[in-house]
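Input: a single structure, listed below in structure tokens.
Chain lettering (A, B, C, D, E and F) follows the sequence in which the chains are written, and residue indices restart at 1 in each chain.
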Amino acid sequence: MAAIAQSIRRSAIGLGLFAVITGGTIAVTQVLTADRIAEQAARAEARALFEIIPESRHDNDLLRDTVQLPASDRLPQSGPITAWVARSNGQPVGVILPAVAPDGYSGDIRLLVGIDLEGNVLGVRVTSHKETPGLGDRIETKKSDWIYSFEGRNLRDPVPRRWNVKKNGGVFDQFTGATITPRAVVKAVQKTLIYFRQNRQELRKILNETPEKRSAPIIPDAVAGQHQDAEHS
Amino acid sequence: MATKTNSEIVREGLWTNNPALVQVLGLCPLLAVTSTVVNAIGLGLATLMVLMGSNLAVSLIRNFVSESVRLPAFVMIIASFVTCAELLMQAFTYELYQILGIFIPLIVTNCAILGRADAFASKNTPVPALLDGVMMGLGFLAVLIVLGAMRELIGQGTLFTDMDLLLGPMAADWGIRPLENYPDMLFMVLPPGAFVGLGLLIALKNSIDNQIKERRSARVTEPVTSGSKRVRVTGQVS
Amino acid sequence: MTEYLLILVSTILVNNFVLVQFLGLCPFMGVSGKLETAMGMSLATTFVLTLASVCSYLAYTYLLEPLNLAFLKTITFILVIAVVVQFTEMVVRKTSPLLYRVLGIFLPLITTNCAVLGVALLNLNKNNNFVESVLYGFGAAAGFSLVLVLFAAMRERIAVADVPVAFRGAAIGMVTAGLMSLAFLGFTGLVGV
Amino acid sequence: MALAQQSSPHARKARSTSRLMLWVILATVPGLLAQTIFFGWGNLINVVWCIVIALAAEAAMLSIRKKPLAFFLKDNTAAVTGLLLGLSLPQFVPLWVSAIAVISAIVMAKQLYGGLGSNPFNPAMVGYALVLISFPVAMTTNWAQPGLLWESAPGFGETLNLLASGQQTVVDGYTMATPLDEYKHKIATHTAAEVLEHPTFGEGVARGWEWVNAAFLLGGLVLIGLKIITWHIPVSMLAAIAVMSLAFGSNPDQYAPVTLHMLAGGTMLGAFFIATDPVSAATSHQGKLIYGAAIGVLVYVIRSWGNYPDAVAFSVLLMNFAVPFIDHYTPPRTYGHHKARRGVPGKTQG
Amino acid sequence: MWTSILIAVVVLLALAVVFGGLLGFAAERFRVEGNPLVEQIDSLLPQTQCGQCGYPGCRPYAESIAEGGPINKCPPGGEGTIKSLADLLDVEPEPLDAEHGVEQEKRVAVIREDECIGCTKCIQACPVDAILGSAKHMHTVIESECTGCDLCVDPCPVDCIDMVTIEPDIRAWTWNPPQTNLIATDRQGASA
Amino acid sequence: MTQLWDFAGGIHPAENKHQSTSRPIRQAGTPERLVLPLQQHIGEPAEAIVAEGERVLKGQRIAEVPNGMGVPVHAPTSGTVESIARLPVPHPSGMDDWCITLIPDGEDQWCQRHPVLDYRKLERDEVLEAIRNAGISGLGGAGFPTNIKLRPPKDRKVSTLILNGAECEPYITADDMTMRERSDEIIAGLKIMAWILRPERCVIAIEDNKPEAAAAMKKAAEGTQIEVVVVPTKYPSGGEKQLIQILTGMEVPSGGIPADIGVMCQNVGTAIAVARAILEGEPLIRRVVTITGEAVTEPGNFEALLGTPIDYLLSRAGLQEAKLHRLVLGGPMMGYTLNTPDIPVVKTSNCVIAATAQELPDPEPEQACIRCGQCSEACPMELLPQQLFWYAKAGEFEKAEHLNLFDCIECGICSYVCPSSIPLVQYYRFAKGEIRVQQAEQLKADRARERFEARQARLEREQQEKELRRKERAKAAAEAQEKKKAEAEQATAKGEAVDEKAAKAALVQEALARKKAGAATASETQTTDAENSSPAPDIPALEKQLTQAKSKLETMQSMLEDAKAQQADNVDKLERAVAKNHERVKRAEEALAEAGADTIPATQSTE
């Protein structure tokens, strides 16, 4: 019994000593780097939003300036929608809406669509998708520039009939080998624009009320309901 | 254990006992992050740092730990180095950190590191231990880079893209693309390519070794004295 | 219910820890020489992985998170895991010496099996609740065990084949793992996790 | 008197491995013919090309490995691998893609393991899966539009040109989505009736494909008749697909109907020629039944819920992976042993 | 700031103390002595007791293997023993370490009886008591018990002990493996 | 109609039986010399009980198995024993074995015979003894002593007695012709065996490709309870296990014997031998042998005396030597090749095939196994031949054993069907041989270990005892000192004896000490010997070696002197030993001198 007690004591003290040293080291490092990390993290998280509405166009804290928009059967997602509002001098200049394209080649494609108050597309980004690598994944900015082709478009340019891929008589390129994916994205963007136009009055009103600022930022990932795993390849 | 000379330590780390090619340890990060050279270098450097630190630390404290808590103690040391590295990377190369994902904290469980701590550092004095850490780390880094280059080149037809993630803006246009119109070979980018690529590297090393051995055995036949180590079982016979 | 099933399908097949996520590769390559050994290793890993998943979940939710110590997660998890493993090792050593010699250096290496720490960290990343964490850990272990055992059986077969000299051993093992991983790509898209 | 010294038996049956492989090649002729009639010259060109490349790759590897060339080349197995790849690749896939498929099949999946008889994975399917994930564009958009050979373009010369041009895709108008592909991605958002309007389905089950599959079925039956393969794998595989699709797919607005599963894509080719590759398949009868059925289930699962519209290659590879394990646990019961009688049919009571 | 560092350290300390205690307990409670593996290893060794491995007998060598020593030191066992040891221990087989000797055909000792002076030295040398005889009378080797270790050869003052290879016999004959001369396999290349 | 079962696998090879059935059984006659191997059966070899030059009578016992399993060998005719020597015997190894060579005198003079017409009056054991004394071992296969087989273990009742007339192997027709021409004798023999065993059922099984034999047997069996069953032709229906399955649906348990399931299987030829042994008192001295193949012009069956050279039979059948390519003893499926026709017929020889190169061509080179499974489809034992092959080839014998390698009956079917022409059976035979060798070695190793350990224990004990004695002696000495004076007289009285002992002890001690020194350097001696080429000769070791050699020489010299003094008979031996040791010393000196010369450069070179 004595042997056990002795052994327990020795091990506990030994390990405890290590805990103090290592824990201390880590804690100190953490304290020293905490601020910088927070700043980096915030910047990275907002990047997708900043890409859609560049920082030069607004001066508010995009991540924290969100509004709840009414649900609509125009958009595939159910329930109220969280949108980010960009403001310049307190005046709204644009809004970023989440959108889902349900008819991708495999599963949903989640998007962010930035729209200015006139209904022009400010930018579109994909937050998650499961399209085939090498085929449908060219909707990512990393793989091709295709997604930029929406910028500046609105419901009159092109006319609704031509809001489609070229193969179906539209104006948007499809990429070789994949028509389905681009078509799905085009449709989703178009639907978002229609939603915006139909609810324009109401939206303007909501946007103009400057809401209480959130304390915690809402990051696009959370809205898209998807968490990207670490990229493993 | 016989102590090793420094040159032996160097040779072991880089070639004869290379952690990736010979010990076949540390595979997870090795395979997971080598789709491009920059990822490979990022992780390789982090691993190298941790390996040096942990080898040194373990060697310093090697006489003070009791057997039953040896493993947890080593692991804690490694983990604290890794956490520090993680925090630093977050602070200074955030994007790379995001790309490497959980493989940064997973350096803790890189078998090569604990393996070295246990097999070498805990039995040697600080200087050789540190050297061993450096060499093993470099050996590992070298394999990472070669595999990364191989996969990037065959998989995407590029080399050294996105080096700015690690080295800042000055490296932004280091990327080269030897062949225009190269059709991407996704196999090499995806997991299977990682395995096969490493398999090829190991085979390459084996065949080089075999050739060296052949050439050497062709030149000198080492004098082996057959039976020189015999002892007498029945003791002294009078 | 289906949601739990999907977690299992996802971890075992679609996002197989070894072949797709690249976790736990060292024991996968190291202990796959013999089928029986592989089975022993599978059992040990399944046990440790599930337990580690639970312990680290508890440690995080009830200790680190309330105290705002998230940055200590790596060291805490690895400490928990190391202790669980060391404890298992001592018990195995006492109860089954052959298993001990056979698993030899690999029992402590379960500690450094990335899969174990990986499960703990991924559970966090995925915001899994307790049940999900347990299932995730178990599924990961099952996926690991599945491929390990199949791989071991296959390596026994490859061992008697006329493989070119340079490829004997680890190299052909890697190529085989690569082809297996290629086959597992067939599962992509099966579950949206 | 120099008398020959040999171990018994002294008599042998005269059916060599080369002959066996030749029979396999002959048995694919109906299928190849049907493919040519309904999908143009593409497959034929592919087959010839793949066989040539396969033999060349095999010869190269053999000489690197310092093995006698003629002896191994004449076993015809490399030709079978090339042939099967040629039959399963899309009709308009560029020649360099098929060359990569064949080379990786022969070099990586076969010779690295020691050549004939040692490869755990089906070489042809390794090649196929490898190019499928590597070059998805070339591998998914190059399926010929069905149409009778003598009625529709392109002709032989033009086909050859297209294949040799090296472009990853061929002009639209010659190509069309495959029935399984079409059904699979449309059914999520359309009704069955809408989906079936697509010309790829034709009047029957799947235009052209139904005949091709029937022809492969015929060839497969010949192989069974010649006792080159046993019935276990094809029957269990087809039965598993049928059972799965009857169990899940009663609603055609959700899942493809059983007829489509049976007669479209690589089902019959896979069941009779690919899953049955003796080298990479299970050995005992019981093992073969398990192996075949599991392939069938996997084919259905991946087709219905996965990303790939046809899944024979992946399913076969996945089960190849399990074969040593299956073999390990399904040895037949040996005469005079007590374990339960398993999987040994033919115990007639006379 | 300091409080957060303090909290971190205290929490980790608490965890470590608890776990350390647990391990300390286990270390005592599950202590093991000895190694039953030695038996298994010993049963694979040829029991020639010749000492060529550098250990006084097979068992001491078995003990050294159980501690992790090299498995390629036993010439009488040769490749076969190395292979079965490698199987048991799940390690790679290595070629026989030539420093300890080379694999030879099975031999037995034969005493040329007309030269034997009956000095009994070979009896003392034989580890398995395979030699019969008494002082001043000629000695003989019990062939079936002789392990062929040749330990008796050296002590003999008149060098009357020969090690003779065992002649092939029709009753001990076994089939050869088939000649596969055409297929020069890599394996042969490797062993060459 | 008797119910028949099927057995797994099996094949239908070309039969090639008609060649040898067109002629009736011919008498081979008496050749110039008969060669009788001492071992013609499973078990212990027999020992000759005649001397060279002795005259023996026909039927006289000439070799006997004194203990262990076995049966005697008899002289097939009268004549003189020419030699007892090693000669080629029928064996796949082609090696020689002990044989008695008999020169017939042409008189064919019988020894005393003891026919028993009414064997039912005898004890069963007496009949069995008579069968043994007639030298009968199975004529159909392995050559198992028939009397032992006919006495199944006490707890086993044989309920079915099968007479094996299947003769499923191609070419062979010995049993076929025997059944056609000697059906009555067969029935008589069967009746004797049935009387011994008292089975419920007696069956004669004949394949349906021998209708004449079946008809003859049916006719002979009329009026008895014996069933004559015609079984479908399929190789290897004649294999004991398969035949039992066909007739009873039961399987002989692995590792067991048919008697375990109440069945016994005897060859038809064995039945005749039994009949002749009991009813005519004729031991087993002749049998029917098929001589066939395309290299003989008159194939057919011969009734030949045991010991008849196959040469002789071949020439009777019209051998065309030029065409002969392969000579097979037994059938084409299980027989083995002979490297010379100068080999005698023995009890188990049923067929000789003199084949041309076209008939039994050389096998194709072995290709890789493609796991086609043809072999497992056809294996009658339901094994996995290709798995066995993989393991046998890779040397993984344990795994092969695990897959029931030892259940393989070596029927040859798997090799026959293998498209890759793999000599599977040879791999199995090789593997079986290796496993047996390994097992024997294991046994030997275990015994060696026991003996070693026993010796170690003994030495330890002796050591302890010595220690004890030494202590006691010390104690005694101390006591002795106290009573010095009193003891002194006694000591002188015993003086001489003690002296002598002490001197001897001293000598032994001296030798021991020297030997010790010698042993210590012995290993080093060896080292230096072996290290001839190695650069650094160990001077001290060489010196030690020299002193050791010298001391050895001294011992030998003193021993020699002793011996000379005593006029012992080992003087010359010792002289030789002394000479040898002189040489040893000289060698050592030379080595030392040589080493001394180049010591310095040598040591430098090692730095």
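Just so we're on the same page, a residue touches a chain if its C-beta (ideal position, glycine included) is under 8 Å from a C-beta of that chain, and two chains touch if they have at least 3 such contacts.
Since this is a predicted model, take the numbers as computed values, not measurements.
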Seminar exercise, completed: Overlap of the chain A and chain C neighbour lists contains B, D, E
For this session: By the contact definition above, name the pair with the higher C-beta contact count: A-E or B-C.
Result: B-C
Exercise. Which chain has its C-alpha centroid at the greatest distance from the C-alpha centroid of chain E?
Worked result: A
Exercise. Counting in whole Å, what is the centre-to-centre distance of chain E and chain F, each centre being its mean C-alpha position?
Worked result: 30
Exercise. Just how far, in Å, is the C-alpha centre of chain B from the one of chain A?
Worked result: 37
Seminar exercise, completed: Here the gap between chain B and chain D, centre to centre from mean Cα coordinates and rounded to Å, is 41
Seminar exercise, completed: Shared-interface residues of chain B (touching two or more other chains) are 32, 68-69, 72, 76, 79-80, 83, 87, 102, 184, 186-187, 190-192, 194, 196, 225-228, 230-232, 235, 237-238
Exercise. So which bits of chain D are touching at least two other chains?
Worked result: 7, 65, 71, 108, 114-115, 118, 130, 133-136, 138, 168, 307, 327
Problem set entry | Contacts with two or more other chains, residues of chain F listed in rising order | 92, 365, 393, 423, 426, 429, 515, 518-519, 522, 526
Exercise. Along chain C, where are the residues that touch chain D in the complex?
Worked result: 35, 149-151, 153-154, 156-158, 161-164, 167, 172, 175-176, 179-180, 182-191
Problem set entry | In the complex, chain A residues that touch chain C | 19, 22-23, 26-27, 30, 106-108, 130, 227, 229-230, 232
Seminar exercise, completed: Note: in the complex, chain A contacts chain B through residues 7, 10-11, 14-15, 18-19, 21-23, 25-26, 29-30, 33, 36-37, 40-41, 43-44, 133-134, 229-233
Exercise. Which residues, counting only chain B, touch chain A once they are in their complex?
Worked result: 32, 35, 64-66, 68-69, 72-73, 76-77, 79-80, 83-84, 87-88, 90-92, 94-95, 98-103, 184, 186, 189-191, 194
Seminar exercise, completed: chain A contacts chain E in the complex at 3-4, 7-16, 18-20, 22-24, 26-28, 30-31
